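What follows is a pair of complexes built around subunit A, which joins subunit B in one and subunit C in the other.
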Partner chain A sequence: MPASTLGRSRSVERKLLLYAGAYLGTGTAILFLHGYGKVPWTVLAGAATAFLSFILLHFFWSFKGFGGDPFLLPLVALLSFTSLLFLYRLNPAYAVRQFAWLLVGVASLWAVTCWFPRYQALADYKYLYAFAGAVALLLPIFCGVEQGGARSWLDLGLFYVQPSEFVKVLLVLFLAAYLAENRLLLSAGNFKVLGVFLPSPRDWGPMLVMLGVSLLLVIFQKDLGAGLIYFATFLAMVYVGTARAAYVLLGALLFLAGAAGSYFLFDHVRLRVQVWLNPWALIDTAGYQIAQSLFALASGGLWGTGLGKGMPEYIPAVHTDFIFAAITEEMGLGGALAFLVVYMLLVYRGFLVAVSSRDEFGSLMAAGLSALLGLQALIIIAGVSKLLPLTGIALPFLSYGGSSLVANFILLGLLLNVSHHVCFDGAGKEAS
Partner chain B sequence: MKQNIQRLGYVVLGCFVVVSLYLGYVSVFWGPRLNAHPYNRRLIALEARIQRGSIYDRQGVILAQSKEGRRYYPLGELAAHPVGFVSALYGKTGLEAALDAYLLGQAPGDRVRMFWDRLRGRVPVGNDVVLTLDARLQRLAMQLLAGRRGAAVVLNPRTGAILAMASSPGFDPNRIEENYQAVQREKEAPLFNRATQSAYPPGSTFKVVTAAAALAAERGTAKRVFDCQGSITVDGFVLRDTVAHGRVSFERALVESCNSTFALLGLELGAQRLYRAARSFGFEQNPWENTATPFWPYRPGSLTPPEKMSRPLLASSAIGQGEVLANPLQMALVAAAIANGGVIMRPYFVERVLDPSGRVLYRSEPRTWVKATDGEVAEIIKKAMVAAVREGTGREASLPGVNVAGKTGSAQNPHGDAHAWFIGFAPAEAPRVAVAVIIENGGSGGIVAAPVARELLALALSLSGEGNSR
Partner chain C sequence: MRTAGVITRRRMAVLLYLATAALLALTGRLAWIQFARGAELQEKALELRTRDIPVEAKRGNIYDRNGQLLVTSVSADSLYAIPYLVTDPQKVAAALAPVLEMDAERLQKILTRRSCFEWVARRLPPATVEKIKKLNLPGLFFVEESIRHYPLPTLAPHVLGFTGVDNQGLTGLEKVFDAQLRGVAGRIVVEQDATGRDVPGAIHRYIPPRSGHDLVLTLDKTIQQFVERELDKIVARYDPKLAVIILMDPRTGEVLAMGNRPSFDLTGWMTAPQHVWDRNPAIWYNYEPGSTFKIFTMAAALSEGVTRPGDRFYDPGYIKVADRYIRCWADGGHGSQTFEEVVMNSCNPGFVEVGLRLGKERFYTYIKNFGFGSPTGIDLPGEAAGILIDEKKATNLNLATMSIGQSVAVTPIQLLTATCAVANGGVLMRPQLVKEIRDPAGNVVASFQPQPLRRVLSPQQARQVADLLCSVVLKGTGRNAFIEGYRVAGKTGTAQVVGEGGGYVSGKYVASFVGFAPADNPRVCALVMVAEPKGGVYYGSQVAAPVFREVVRDALRYLKVPATPGLDKPPSPFTYEEPQPKVRVPAVTNYPLEVARKVLLEAGLGAVVQGEGKVVLRQTPVAGTEVARGTAVVLDLADPGVLTHEQVVTVPDLTGLTVTEAAEVLSSMGLELEASGVGQAAGQEPAPGTRVPRGNAVRVYFRPVHSPSAAGPAREFVERP
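The block that comes next holds the complex of A and B.
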């Protein structure tokens, strides 16, 4: 292994992290000069610490010779820093909590890359993931608390935890392991239904049960966003594993049937759709939030009002699901597109890792995690801009919320672990 | 499997591209509509962050001022129509609306200063506006109109500067938020600015325009003698005078306001030339275009277009009846044209705009609006108007020691008694003030409107004399 190549790739990471740091510094200076918060110095200390945590992780990786993709960490740093800046600008109290969660997130990233670099071993515990996921989703139904219309939180005294955020990662792990083992059986199919060859229910069974349980649970939790994410990720991974477009088609049909059914069964689903079709008719009630979000999106123009100069606080819950509208108001269409490009780059590097991975479990996992990351961003951005009906989910690394942030850092860690193993090959090829 | 991953990757990245294009569409194509949506509170909030500038009269008397987030109008209803009001609920009117960009500091010259204010976290302050209005004249005008429906306009014929603009009944701009609904429902329409938004038949005051047209067409008209039988019949339509004036000179016809003579002059002129004369006096035109207040609510004077003008209509148009309509400012400008040698200056309200440090951002310059007639014609009509006040219908407007020129009007209308009109200016040899007064359904112009004009001319002359002595 040519060590020089590895060293160079980490130096790319360092350089990019410094750029992200300069960006954070500029934003911090603006907030500091404006005197946001009760103690203006906290913003400087917080920003310095946040930057330091990333750069320390980078030095740790350099020291250990970690070969993970050098672009992922700086991209995530850029998103995390933006999150801190905007939350501080919206309400310093949110930023302080998010700052604590960011440190937890970076620590989990360090733990995942340090303790489980041999991700292949993770494939052995697939039924444990299924079981843990089911328990994690059941708990809020019995002893959870409701927030924003969804009963998906657990009250742990000091803070709330949203288990469904972590179940997303468990779902990908389980599916990757299961598909890696059974994909040939599944893609062959020996069971004809409606002119389509399907594999026998014995092969399908565990996967469908896992998915069905999780979907039922999100229905009981009224967490439509999580349900949509699970289903879409499931379809994406089944496609990658089996290459059978028919499955995806069948799945999409099932989804549409389910959506139509819940439209007629559940009032809250029906209301969502009505608000999506015409929020202006319901602007005093259910349509208020999305209307305010559209106002914010439009008021930024091309280059935005500037940090702290817009009025995104008119949007209810702007710090969680609607942070993208706040960012667009103050950074403009230009800023919004820039963040879309950041997500595209993250997803692109993720899929590149998936393509270059040598083992099927690694490929499936990396593809699943990348799809999961991209889908989360797409669904919530399309939701706040009224392209799709709004389903409340967190925008990865940007929205306020500890569970989502930590879960996404774990996702990043797993992705980096897969890339660590491909990098040996890639680096070798590059050098030759 | 690699191929599957690639395809999935393309699909996901493709979705991002779709979302990007859609966001561009929202921002660019929906943007303007969303920004102006009534549920979007950003515009109002932006204004609340700015301390709105003050409005002063020509002497520095405060007409509008912001204190502790409220807008105060010390003159109350006395200047309510020209100054207007600002309300989060009911919008803006008058100069508050017309000068909004200056008062909020959003005019092109303000960008840098407002940016620095915002950057340093200061409350941005808008610009102050000094008007041409005189609070004392404004107060007198409203007092003279009190209890009656009507309007009065006082202006400087040499510059176009508006010294007073009164419309009665008034309303209290200080309590508009509480009273708006009730005020808006009132039958007498207090919110309506009768000085510029109205359309009254000008009656005999319009004879000034007809006279100018007749003299311009044939200078010899001034030497003609007419025979007034007390009425004139045009294609079976009978147009009456109050008395038979007998044999009258041209000047006498104007002094006594002889309908038969002017109806005859109108018929001789023809629809085309009468219409063109009215246009050159500003009818069918808007003087506010290309000024500091381009969207000032204004209902231009109007009359029947020549191609639709029948002979009976032409005869009655020549004496300011028929379909001729005008607002009081327009009629003040007709007087100003005669006062100023045939040239009408563009009317204006804004003397200058000052930024908070006192730097002048804008200063008015008198500008010609239209050339109504030539100086010789104006001089002939002026002589007749002086005679009208000295010994004719306008005697009530005469002032001791000052040559006042004027023309009365008693305009018949379908709503009851005649509208009482008076237009005029003084001193005749070097006019400094022009005036127009209307009292709705007041009856005779010479009896009801002329005394109001007299008081306004007297005060305006003493004030302008005081201004000159400084």
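The block that comes next holds the complex of A and C.
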């Protein structure tokens, strides 16, 4: 049974990848005809290579009998191809670098699925993750470089690395391991605070310390986006692990208190909120970016201006945090909705993996990784459309940025590993 | 995993619901932005992406009544940059710097600003523009702006006014008609481009400005030139504090010319003292009109029938009103005379008598009707209203003195406007400066008609007054204003200047003449006013009347008013032989030439200079000699080289000088002033003529001035022709 399911699911994957390839080919043709760039043949070669890397991975998985979810790779391929198309359209130089990172990402995915398929072993090293995460966050404070107001990059000569992107994954691994071990203790609770039973600080401790340290560190780096992601992911995993809504409520209150505190403590936070409330008052300075983003979103209409026909260059940092605004301008509300649905499907497939996994670590990890993926997309899109105050976060697989891309591919690999085991342990059929 | 799985599944479902809710929220938000606020946001975006730079319109021209150009605007190109189109700012700045005579670094800063528009230099001379155009630099553009140009920059500057740096009217007609002259500014619209890439369909548009309207004035350039010429002569001859000449057409109230001294150059107004350009004495200067005001006393008296031209008056040389004696200007009085002779002689007691007969109410009704005490409403900024004693508070003495033009202050334009009413048959007109406003194509946008305000006299009464005024010119004090071939009506006036304390200042007069011609059908009504002439001659009949004759004669001939041959001529030019007081020649030895001239002029003496230099070495006649007023003193000038090396100087006579003047004289000779007391110098140590080493101090005793008000009666009511 696994074999036949496997065979069928891999063929679904192949078919979907071919659709994604056709999509990439169409986009490339549009840009080619539009006359972007100077060496169009290398562009075609690049597009072909990007597609080939995905299809090769697929064939490798088929050959090895890998049982991972067949929908995840095509969805990610769709996002990655869109990223390449839009970056090329915005500035070919970005596309070239992103192309290189995409190959590194796909290779990482291959490595994770090939070398660490037994993810259960990962649960044993949770304190190593905590330690590694703290060090990774500490490094930029001492020897990092500042970009776009956040001091969260390390200069490695050839390229910059943003450790906080990788720490996200480490945080999920640590929380999953810790919660799996202490789940029952934590969900019971043995002393009461404000009418809520809480577990003893000894049981909480390590987890809160890890979270606190990471939050403090990102505050030092002025990386509000990462802090928000960490906290939201933490709350989601605590909920999944303990089923105690009260914890989530308490956490949310803590978060609001922290947000209010930082509003009064930090000028840059206050400025963000002011811009969110009324960007027009600060149109020449801090409000310029969000205003331009809104202009781009508004000019898209239902079907967009068409690839290459809009003017998203007005938005500062359009290739990183604001790529969604560019996509909406040129692909319209229809295109924007399509990508929202793609992210929704990724989260949905991830949750299915979580539900189907037979061990607690795998289940929590899958839930955490999916939540992490969904939250990143949600927070930055909400920021770009001024639904929430803006915090700088990369849109997974779409934004320009190697660290984010590679970290998200590793995330994908871990998720696929869990789903591989679901498949082979026969715990449940996918998509029930 | 079964039980755990169920629990987890429920939790995952909750999370999935939350995710779905978030998805819907985002979808809603995007749809809201695009459909509910799309239009508004796109409009905002366009507004933000484009920048408007105003380009000022070409200011309208100003023409005289015959279409002669008085003020125009000439084009001057201004240079601006669109920084993102400047490909190599450093090179461009280096090329531009020597042409514009600007700092290359500063230029480069301008060219590299993160903006889409920067002015580089405004209103450049054509040669510079040509040079820059030849350089053919990218990202630099020209736009046409304008500078005010004056073909005759010293012609009627107070009336025309001038403009400021942004071509806005600051004074005169430029200020009053700024809105009409200014036009509508154009725009340069530039689309911002954050990246420097050409925006698809990028806008860089020039919306041309609409030129301002032109003014056509009532002024006549030629007549104004006559006026300026005569004013220059007055300044050369009398160096007065102020001089005003105004000509009007009495039939319409149109101002044909209006000139003032001191004056300024419209192109260089910034270098002139502010008090010279910020006020127009013709409409602002309040002065006691003296005898010229008798025209209105006479008009009221004849209209009200309190006297007739043939009525007899007796002038013993004075008249007593309340407890004061008002003297006639002629010693011993005019004796028995008809009213016509009273007018011809400008006899003070006669007019006081007539004024008293009229009574306060009737007198005030007439002078208010003639426009005194309120602005005329001329189209110029800063008009004064004149000063009338409050009717309720006016005493009989006030009435008496007002009848002869004292204790009342008028502006030149008021006096002339009122005289126009006599000239034109009794209707007071609003003085008018602007005839028409035309658009740049020459179409009339607005035209201003003569504006009668009210009837003041009946035509018969006006004629009667005009006839009497003709007698003044033909047989009386106004003979110097007679113009061959025309019947001229007019009246002289010589009033003492009222000092700050209220008393008259001795030796300071306002000489004036107002009149019109031809008397039967007046075409020109003119006022000549000279305030504080120097040189000993100060009578209206001698200072102002000849000027009136010159300027009105030229105007009448220019206007081609036919002359009537065979008219009566006055027997001889009017010269009033005042018992000439002998003047004591002041000591001016060792005075700097300027000071010496001033001292002599104030003493009523002339100066003839011999030799070269700056300081008076010798004077002839010597100080203290009694000579006739008007005699010229010969001044020998020292060789300055000799004097500066000389270590011993002669102490000058400082008698009569103020502290400031004394200090000025002494310091110019290298002597120190040690002053004691206040007022005028009354004594000094060492005595004049003493030889002292340079650097010594001269002790000078000052005593308060014996002003007439302090010493004798409060006011010495002496009216002169």
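Miscellaneous remarks
We adopt the following convention: the second predicted complex is superposed on the first by the 422 of 432 C-alpha atoms of A that agree within 3 Å, B and C clash if a C-alpha of one lies under 4 Å from a C-alpha of the other, contacts with A are read in each partner's own complex, and residues count from 1 in each chain.
Please note the rule applied: a contact is a pair of C-beta atoms (placed from the backbone, for glycine too) under 8 Å apart; a residue touches a chain by one contact, two chains touch by 3 or more.
Just so it is clear, the model here is predicted, and its values are computed rather than measured.
Once the two complexes are overlaid on the shared chain, A:L387 sits against subunit B and subunit C alike.
When the shared chain is aligned, no partner comes close enough to touch A:V213: not subunit B, not subunit C.
With both structures placed on the common chain, the touch criterion links A:A259 to neither subunit B nor subunit C.
Of the two partner chains placed by superposition, only subunit C is touched by A:E313; subunit B is not. Contacts of A:A354 after superposition on the shared chain: both subunit B and subunit C are touched.
In the overlay built on the shared chain, the residue A:A48 is in contact with neither subunit B nor subunit C. Taken together, the two structures place residues 236, 239-240, 243, 283, 291, 294-295, 297-302, 311, 314, 328, 333, 336-337, 340, 344, 347-348, 351, 354-355, 360, 363, 367, 371, 374, 378, 381-382, 385-387 of subunit A in contact with subunit B in one case and with subunit C in the other.
Note for the complex: subunit C touches subunit A at residues 1, 4-5, 7-12, 14-16, 19-20, 22-23, 25-27, 29-31, 33-34, 37-38, 41-42, 44-45, 48-49, 194-195, 197, 199-200.
Within the complex formed with subunit B, the residues of subunit A that make contact are 33-35, 183, 236, 239-241, 243, 283, 291, 294-295, 297-302, 309, 311, 314, 328, 332-333, 336-337, 340, 343-344, 347-348, 351, 354-355, 360, 363-364, 367, 370-371, 374-375, 377-378, 381-382, 385-387. Against subunit A, the residues of subunit B that register as touching in their complex are 1-9, 12-13, 15-16, 19-20, 22-24, 26-28, 30-31, 34-35, 37, 39-42, 45, 118, 121.
Taken in their complex, subunit A has these residues touching subunit C: 236, 239-240, 243, 280, 283, 291-292, 294-295, 297-302, 311, 313-314, 316, 328, 333, 336-337, 340-341, 344, 347-348, 351, 354-360, 363, 367, 371, 374, 378, 381-382, 385-387, 427-428.
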